[in-house]
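Residue numbering begins at 1 within each chain, and the chains themselves are lettered A, B and C in the order written.
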Amino acid sequence: MKKIKGLHAPHCKNTAEMVPVAIPTPAVVTLPMKMHAGKPAIPVVKVGDQVKVGQLVGEADGRISAPVHSSVSGTVKSIDEIDGLIGEKRKSIVIASDGEQAVYEGLTPPIVTNLEEFLDAVHASGVVGLGGAGYPTAHKLTVKESVQLDYIIINGAECEPYITSDTRAMVDDADNVFEGALLLKEYLKPKKIVIGIENNKPEAIKEMRERMATVDGMEVCELPARYPQGERKVLVYNVTGRIVPEGGRLTDVGCIVINCTTVAVFAHYIKTGMPLVSRVVTVDGSAVNTPKNVIAPLGTPIGELFDFCGGLKDDVKKIIMGGPMMGAAVPNTDLPVLKITNAILAISEKDVEASKPTACIKCGRCTAKCPMRLMPSHIEDAFELKNIDLLKKYKVNMCAECSCCAFLCPARRPLSQVMVLSKKMLWEAK
Amino acid sequence: MNPVTVSYAPHIHNHASTSHIMRDVLIALSPALAGSVLIFGMRAAVVIFMCVASAVVFEWGYQKIMKKQETISDLSACVTGLLLAFNLPVDIPLWQAVFGSGVAIILVKQFFGGIGKNFANPALTARVVMLISFPTAMSTWAEVPNAVSSATPLELVQTGALQYMPSNLDLFLGLHGGSLGETSELALIIGGVYLIARRVITWHIPVSFIGTVYILTAILGEQPTVQLLAGGLFIGAIFMATDYPTSPQTNSGRLIFGLGCGLLTVIIRVWGNYPEGVSFAILFMNCIVPFINKLTMHHALGGKKA
Amino acid sequence: MSRYAILIKGIAKENPVFVLALGLCPALAVSSLVSNALGMGLATTLVLIGTNTVISILRNVIPDKVRIPCYIVLIAGLVSIVQMLVQAFVYPLYLALGIFLPLITVNCIVFARAELFAKKNKPFDSIIDAIGTGLGFTAALVAIATVREVLGHGSWFGIPIPGLAENSISLFSMAPGGFIAFGLIIAVISKISKGRAAKLKESGCASCPSCAACGKGGAE
């Protein structure tokens, strides 16, 4: 089998050796009701209510949704529509912290004896795909009876540059990751559980291998440290050799891909009853004075994280939530840490790529390196012609939005943006 | 805090750019440049300078007159001018060299929309235009020190004057009559290895092109080594056929392209009127690149048949 | 429309070669020398005058359904006459033009004028139109031929131009040179007139030979 090789992006894993440090409790946290894919949660508290750490403040609206828990103890200040991450308004609960961080009394470990109770527990923990996709984990793990589950692949690839929060989870929280894997094995009964880790994380591989070796049907798969190994279809292909059909789900080929931090979070919940209220965020980039891994309560303004890491340099030109390949550039530092925020980066002016696009020279690099084997330059032509039939033919709907094409393009064409716009055009034409 | 930039991902880049690619091509061509000046003397440097300078001036002037964005800083005009010069005999009248640059830059490149839009290789088209327009000047070869005859080895093969044929080593080093840049295979191979190592080109086109010529001429009972080393095969296969806009974008397409070029080259050399067929072969294959691209389109991973 | 306007229209605004892009086959084939181009242009003009006159006179007699065969017979007859005249009086030109002289029969311009003008107008107007179009065709041929002969042969009307005669670019005297010269002249005209020359306004769109291909469906 020929593996998808991907491309060499700079690793910049500067914070890989840094144990996460908790930041001081923020004065105010903003908890958007939609930090995941699917329907937003419904607030269950009123303005003026006293809340404590771990208390439910937003109830899940159905199964394709996730509950939200308070990350601080304090008073609910407002429940309003607030500017979200990508320019849309999102209903958010703002909580003023009293600084005590008192834990909610009602937190008890759930009783898990069968698959149904296990899925309920995962749902109640508020955990979503913490690698960045934000898909509600409980719903992901709910597979149809007819599906023969062969593989559960725990995604520890973390192929994006800079980010090391998953690496730290596999090293510092190795027991939880392992226990979560055991839970998955017990209740979902896959033939095999594989944890895929890029080979630039030897410590994580060692920790995982030590534990996994004790159980049958579990193994560590070393992946080459090349972007985008962590893309789910790429991961499935490189670990199992199976190809996910167009429009199909991973379960169609008997696979589930789940982020390693996600696994650790629900294992922790089932053990202690503490839901997802804080997460590890990598704070890095050339405009950050002392890059660190920090443990931040959800809803903390990202500005406080930067301040904790020695503040920003004067020449900061770009602030990114997520990794540099797929993350979103944001206009200010007031935005809160979300469940899916695995990194925040600040980039200096000198490192911002601001060159103007020039004419496509048809070098074929985007085509050669696309992990989905699409032809981005052709898709761009079809997009400019607004030719829906051609876009369909070139399968733009299968684009994984990994940005490899735009990363490589010598003419600096905004290919990844064109891909997303083409998808939208295709969607609207339906 | 200063205002920050908001843009779509990715936020990093591998720093490749069109001008870097063209710079690499120029670096790869420099051994051949040195070789041509060593073999043919200072007149070669004059021809090369005229071609490069006029190509840049034509591109700049056209973009000024037509009020288009200037692109001379991407160095592509320099590459075109240099490649054209490498395809000319050393004694070419200078006005004809300038005319060739004009054909390459204005007629072939700019009229079709500038860099990336031309369907045929500018330098090669200009060479063919000049070959048709100035048949005498384009096939009058200067005496080369050490060589017995001023005719190109392929002309010797065609006329059957094999007693004047240089040794294989002389062929390889380039000590024989011919165009400026095409004679020294040693210099061209150094450049080709550099380009492949820098990942500017892939190995597919040169290997399939040269391989096809070697195998076919062997089958047809010619002397394959002479056919390989004698003409413009190496400069064509390494620098001309691999020109991005006029070659297929997929590796399988590149193999087919090289195969077709090799096949046509052999046909023209063995059965045609012209002793050399590389440029015609590449130009012909340039025209069918869109079809090769269509034929070798990537099949999306897991994509349903449309 | 005044008769002067009819005459000028054929030469400039609706130049058959550069604007309507009709009759390109002879325009490219016999334009390597100015003398041939002039001869071809004048022969075509003669044929045009003849056909336009006759068709205009007979416009009410020819049934609409069989008009194309009728035109062909008329044009072929007139072309034969012109061919014999050329053979009799300018034999070198007859040899130079070769097959392209009888091919005037199927020249689009002759058809287009019959179909677009002579069919609907009085004989005298039709003659003016034929002269205008013929002169436009001749002028276009001479223009192409001037570029080609000067660059390709280093001469003009057979008169060698000092300096150029020794340094001719023989590509221009060959077929590809015809295309290149034609393309360059059209590009220059289009640039100077800012694209206006190529827009058809007065001649109908529906009768255009490329109607099916252009897709506007005969909407004028």
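Criterion: a residue touches a chain if its C-beta (ideal position, glycine included) is under 8 Å from a C-beta of that chain, and two chains touch if they have at least 3 such contacts.
Values in this document were obtained by computation on a predicted structure and should not be read as measured data.
Student: Look at all chain centres (mean of CA atoms) and spot the one farthest from the centre of subunit B.
Tutor: A
Student: Could you say which chain's mean Cα position falls nearest to the mean Cα position of the entire protein shown?
Tutor: B
Student: How many angstrom between the C-alpha centroids of subunit B and subunit A?
Tutor: Centre separation, subunit A to subunit B: 48 Å.
Student: Approximately how many whole Å separate the CA-defined centres of subunit B and subunit C?
Tutor: Chain centres of subunit B and subunit C, defined by C-alpha means, are spaced 41 Å apart.
Student: From the mean C-alpha coordinate of subunit A to that of subunit C, what's the distance rounded to whole Å?
Tutor: Chain centres of subunit A and subunit C, defined by C-alpha means, are spaced 70 Å apart.
Student: List, in ascending order, every residue of subunit C touching at least 2 other chains.
Tutor: Residues of subunit C never touch two or more of the other chains.
Student: Help me check something: in the complex, which residues belonging to subunit A touch subunit B?
Tutor: Subunit A reaches subunit B through residues 4, 7, 9-10, 161, 233, 237, 243-248, 312, 314-320, 324-333, 345, 347, 351-355, 358-365, 367-368, 370-375, 377-378, 392-393, 395, 398, 401, 403, 406-412, 414, 416-417, 420.
Student: Please give the residue numbers of subunit B that touch subunit A in the complex, ascending.
Tutor: Interface residues on the subunit B side: 1-2, 4-14, 16-18, 20-21, 71, 74, 113-117, 244-245, 248-251, 297-304, 306.
Student: Please give the residue numbers of subunit B that touch subunit C in the complex, ascending.
Tutor: Per the touch definition, subunit B meets subunit C at residues 93, 95, 99, 107, 111, 129, 132-135.
Student: Which residues of subunit C touch subunit B once you look at their complex with the stated criterion?
Tutor: Residue positions touching the partner: 167, 169-172, 174, 176, 180, 187.
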